[in-house]
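The following blocks contain the structures, represented as structure tokens.
Note that chain A is present in both complexes that follow, paired respectively with chain B and with chain C.
The block that comes next holds the complex of A and B.
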């Protein structure tokens, strides 16, 4: 499956989609408000059927946060990447996709744990890995994370 | 009265003066003789706990396997229960989530108990990701350590050497006195540098 052909198919259902230059996988950049509608459209389209969220990660780019979604169509074996940007560094928020892809429940808890990105409407948003460390304050994968006990700055 | 370990060259143990300082018995003939018998028994049957958190564990298994075979030294059977183990070989990185587990395992071991910190991660946090929010910089912050074995990972020979050093250390003990480190650990004068979770107060 050629990425150009896939691009045409996606543009047929999402005419406003913006594509980023990317390597292996076709990449769509979008503002955070559109993530739910994009996921729902890509999942429901009979030509695409992106029904499997195989990876969801966060990213801190110093001036903004991103949440990155890797989607696969188990029927057609297409893979695409969605990059949702969150410009608000103070209080990052994005809609959850956990009702569209159940696996996102855990992924979003992990992203919340490490980046402090809040997922609106998530059914059970709390720390997943660092909850047992009683003095863990803040979110360690943020660029501005400071831990004066354990980390020596240099 | 020197401390002898079969099949080790004396040149490997030039530092016997320091070891004599470890000798805690005063010189009472009866007690030192009893000590020798007890220590002989203890030092030649140190049973380790099955505990390994990363690649040093593979090397520890190799040490236990037929080529190096540390059963020769009485480090005989790996025990799956801390109640039956005498020594815990901390083989690998201890992260802060693992630290309470390690402390609990150590607390569950019956006295006399010993700790070997095997490899760079257990000695000092390791050559890799020690400068981070999650790694304990050396197992000494959680439990008291008897023997440090450096290396990444140490070769089986190095672990064997560490085990023999531990045997030497055991041979210098006396049953009259509580070991200093046990007392300090019980009193809490070796405070863990990292706060452990509440679950840790199981007793």
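The block that comes next holds the complex of A and C.
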């Protein structure tokens, strides 16, 4: 299965999709508002069936936050990557996909915990790992996070 | 009369108990807040983070050969396989071709690790159900594999045997003979596992139809590894996205379709047979050559992102690296199989008895450091 064929199939259902330069897998960049509609379309389309979200990653880049979705179609074994950018660094927000992919419920709690990205409509958005640490303030995976006691700067 | 009202009110009332963080059947520091109605589970809420070490954050200030040592400490029962994922990601990024000998050794080590991990799962699963004999049998056999590891890697549990580009050291001269002896022995012993536990009526009654999950739900929850394959979800990375030598060896993806605890049990027993088959195909053919490719002293990955998926003993393990061209990653994400598998525990345990929750937890084969990272 080469990427060009897959690209055409995706463009057939998502005519506005923008592709990033070629990497390991076909990558679609999108603004955060479209994430739910893209995921739903990719999952429901009978030609694609991207039904398995195997990894969801938060990223803190210089000018924006990103959430990366690694999707696989268990029927056709295609893999694509969705990159949703969140330009607002003050108050980052994005829609949840936890009702489309149930595994996202935990992954989104983790991203919220580490990056402070709010997932709108998430059923149970609490910190997942760091809620017991009372003196932990803020979100440690942000690049501007400072902790002079616990993090040794090299 | 008074007793009746007391018992009656307990059965009517919904109440909450804490299982863990220090509970032998959670296999580590996992805390489950269980809501009960009588003996029936109405909700399970996992509380995580008791052993969260921030490995992903630590990695951002460490070099790639250093990070290899951290990956051991995720799922410590499949340490080789976790090492493999990171090493492959770095090698693919640098476009280094590792020697054929390394691929053979890595594949064999991975499969030995898988067998050892499933043996320990089998011990503890039996013990969760009250069958203590399993524990001794399983550990007895696992010892052979740990001895093989110790001889070649110098370590029994946290090997850190793989490095980007190859291996730390060549295998011990007696490696092949010992592995072959072990396979010969284990082929004889594995049917005993079935005689001891699989056919046992109590074990069958306690696992058949307990903790069901359908294929669609399994995919949606990211339920991978033997747990996912117990629901008929063909998710073996070795088959569908082969790495190392898995596209050259002949083995079957063990699939069961019932989706209950017994199916997950049978997948793991089946996988031990398949792993032995893979090792037998490779062990006599290890080619001569270097045990490592030539690597630069300081490893710097070119700018870009790299993802590597491997099949760990508990499911799909993934490493995502975003590099800015330096010697440390800008961001490193570890996709751990147990994290996603645990997310379904509420669905699995709901409307079963609390004793079944132990069986379900055992059938998921959770390793807590892998969840917390």
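Note that in this section the second predicted complex is superposed on the first by the 151 of 154 C-alpha atoms of A that agree within 3 Å, B and C clash if a C-alpha of one lies under 4 Å from a C-alpha of the other, contacts with A are read in each partner's own complex, and residues count from 1 in each chain.
We adopt the following convention: a residue touches a chain if its C-beta (ideal position, glycine included) is under 8 Å from a C-beta of that chain, and two chains touch if they have at least 3 such contacts.
No experiment lies behind these values; they were computed from the predicted model shown.
S.K.: Going by the contact rule set out at the top, does A:82 touch chain B (first), chain C (second), both, or neither?
M.R.: A:82 contacts neither chain B nor chain C.
S.K.: Counting touched residues of chain A, say whether chain B or chain C comes out ahead.
M.R.: Larger number of chain A residues touched: C.
S.K.: Name the contact category of A:74: first (chain B only), second (chain C only), both, or neither.
M.R.: Second partner only.
S.K.: Using the touch definition from the top, say if A:39 reaches chain B (first), chain C (second), both or neither.
M.R.: neither
S.K.: With both complexes superposed on chain A, which partner does A:102 reach: first (chain B), second (chain C), both or neither?
M.R.: second
S.K.: Need the overlap of the two footprints on chain A, from chain B and from chain C, as residue ranges.
M.R.: 129, 132-133, 140, 151-152
S.K.: Flag every residue of chain A that touches chain C in the complex, lowest number first.
M.R.: Chain A reaches chain C through residues 23-25, 51-55, 57, 59-60, 68, 70, 74, 77, 79, 101-103, 105-107, 110, 114, 128-133, 140-141, 151-154.
S.K.: Give the list of chain B residues in touch with chain A in this complex.
M.R.: For this pair, the touching residues of chain B are 96-97, 100, 131-135, 137, 193-199.
S.K.: Can you tell me which positions in chain A touch chain B when the two form their complex?
M.R.: Where chain A meets chain B, its residues are 129, 132-136, 140, 145, 147, 149-152.
S.K.: Okay, in this complex, where on chain C does chain A touch?
M.R.: Residues of chain C touching chain A: 47-50, 52, 54, 56-57, 61, 92, 216-217, 219-222, 224, 233-235, 240-241, 304-307, 309, 316, 318, 320, 322, 331, 333, 335, 339-340, 342-344, 372.
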